[in-house]
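Report on the following structure.
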Amino acid sequence: MTKNRLEAFSDGVLAIVITILVLELKIPHGTDFTALRPLLPVFLTYVLSFVYLAIYWNNHHHMLHTVHKVNGRILWANLHLLFWLSLIPFVTGWMGENHFAAEPTALYGVVLLMAAIAYTILRVEIVRHHGPDSILATAVGRDAKGKISILAYVTAIALAFVDQRISDALYIAVALMWLVPDRRIESRMQS
Amino acid sequence: MTKNRLEAFSDGVLAIVITILVLELKIPHGTDFTALRPLLPVFLTYVLSFVYLAIYWNNHHHMLHTVHKVNGRILWANLHLLFWLSLIPFVTGWMGENHFAAEPTALYGVVLLMAAIAYTILRVEIVRHHGPDSILATAVGRDAKGKISILAYVTAIALAFVDQRISDALYIAVALMWLVPDRRIESRMQS
Amino acid sequence: MTKNRLEAFSDGVLAIVITILVLELKIPHGTDFTALRPLLPVFLTYVLSFVYLAIYWNNHHHMLHTVHKVNGRILWANLHLLFWLSLIPFVTGWMGENHFAAEPTALYGVVLLMAAIAYTILRVEIVRHHGPDSILATAVGRDAKGKISILAYVTAIALAFVDQRISDALYIAVALMWLVPDRRIESRMQS
Amino acid sequence: MTKNRLEAFSDGVLAIVITILVLELKIPHGTDFTALRPLLPVFLTYVLSFVYLAIYWNNHHHMLHTVHKVNGRILWANLHLLFWLSLIPFVTGWMGENHFAAEPTALYGVVLLMAAIAYTILRVEIVRHHGPDSILATAVGRDAKGKISILAYVTAIALAFVDQRISDALYIAVALMWLVPDRRIESRMQS
């Protein structure tokens, strides 16, 4: 029961964050398609953030699927993750409006980095509570994807001040890497 | 359980999208009913989009009712559908504010078209996962309604540049066609 | 299961509508309490609408508690109710900003009236689907409260053009009448 | 079942309130980090309110865990709590924008105080409904933390007019005190 409510609250926050994103797409005053052109970078940033939040929902869903019991540390680790995810609309909006600037691009990476760290903390707490032989512990293994993501975010933050297009490319690459659902857990659970 | 969370997340996103729509109804400064007159097209567009989102919730509800198991492809097909539905407030606002312009009317149709395609993909994935003899597969059959809708959206997008009232009429006609709940599934399930 | 999702979606929409209300409380620029004074009517209208939405959630909750099965008519009757409730933030904002004007006060009553009619339709559909001997049918009986409310709203709409304070008093009186939870159903269910 | 819907609605409202908070972080027009500097107090206030709402969700979660049955008084006590929590985005925004002013700091405390009182009322109603020997009643005991919080809020409201930094320190101290999850209930439930 505790787990159900954790899932329900996380679903609620993620559903709202993913929908609030679209409020950054301000309705243009013009009536032809040229009026939409300035919105294109905002829209592309929206798509990127939507995909990231969808990935988080998906992986969160898979991870929680393996959870049998919840304690206070897990509840707070989850709220900590939701905190960083709740900042995504803000950094999405700032990056979308200033698409060639280094600082918004770097800050976007900072929030992604903090969310990735928060997700790792949550996973560690769940594994600690369920033991090293639990489904999650054996399924995740060395967590190569998680480590690559964190490395990519750090690189993207640094390189934003060199050429922010490299950072954009890194953000897109990490998203594509995760778009494949976490088959590690899925396959373990079915075996 | 997996299915429950898919439903809960979809309900959350749909509930927020349907409610965010009303934020486009900006409170007028005047205090008499003439102050509401400029809001009338925005309100009518709001009603149309509310009905479309209600139809999606209703059909989604009926379709998921037949689902027993969920895989990664279904999760992503569902998120893809939610992405297009999340754009409805934006295109509703643009069309509501520019009710005699071709481009906003066409763009509204594009989002409806993409949502219809996304819904079809979701249905195909569910049928593929449950087999051609599943309730959903036999209930939907040739899916005449779905095909008519897509045809109507394509026509409406093209004719928006001739006379956008034809497009409006088509959007309303498709909504009316769907207002009847999907009796195909309901009747199969009860037999 | 169908009923669960109906409840979940209604809860979602009501939770969002009740929270969107507070967005009408625009943050003042001044830093002392006099800066809050112009917000007082907006705040009082907010409290009134919050109470109305809470009453609807409460009564909806009680009514759905008696429901065993759901059909398409009930789903649409429920969506129809949610439509009118979704307009409450708009009319609350207009009335809050123009607290001495007749038209916003009347329009507030119109939305309350339509919501009350929609609620009645929903109740009729549920009773029709469950039979005249169901818990809900016998518990509601002649539905005096519902009829008084509708009469009060109609009166309030008309009298808003005479003196809108009478209308305000009627809205408050109806809310107070409903603040008592629907003991009719509660007592029948426990017997 | 009644309890489930109470939890679901509360989760929905809390998820929305916690997410609406972030809308106060207006996207700056500048593109470098100096453009973010004026946002710092708003951000810190956002963090504080996020933590408070997370504490409420957490404690609400623990308290409801002990509940077996719900009556009308509990439903309304819960709605009363949600009312005060729904005002947190407003007072957060006012305090965040006027971080050195006494009145917004005091008003923030007033809303925290009212929420704490509402939470106490909810707890009293639940205990009354479940009896003095229920898990909750014995677990909470004298409720020292609740009493200290209320005392701290009252002090913070008064001292805001002397030096608002004292009030800020008190708000932070109370949050830190609660960050430890309510082990009283957890330990009783496991014994």
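Note that the chains take the letters A, B, C and D in the order they are written out, and that residue 1 is the start of every chain.
Operating definition for what follows: contacts are C-beta pairs under 8 Å (C-beta built on N, C-alpha and C of every residue); 3 or more make two chains touch, one makes a residue touch a chain.
This one's a predicted model, so the numbers in the text were calculated from it and none came from an experiment.
Centroid analysis (C-alpha atoms only) places D farthest from chain B. Rounded to a multiple of 5, the Cα-based rotation taking chain A onto chain D is 90 degrees. Computed centre separation for the pair chain C/chain D is 26 angstrom, with centres defined by C-alpha atoms. Work out the mean CA point of chain A and of chain C, and you get 37 Å between them. Multi-chain contact residues, meaning those touching two or more other chains, occur in chain A at positions 8, 12, 15-16, 23. Of all the residues in chain B, the ones that touch chain A in their complex are 1-2, 5, 8-9, 12-13, 15-17, 20, 23-24, 71-72, 75-76, 79, 82-83, 86-87, 89-90, 93-94, 97-98, 101, 103-104, 107.
In the complex of the two chains, the chain D residues touching chain A come out as 7-8, 11-12, 14-16, 18-19, 21-23, 25, 27-28, 31-33, 35-36, 47, 50, 54, 57-58, 61, 65, 179-181, 183, 186.
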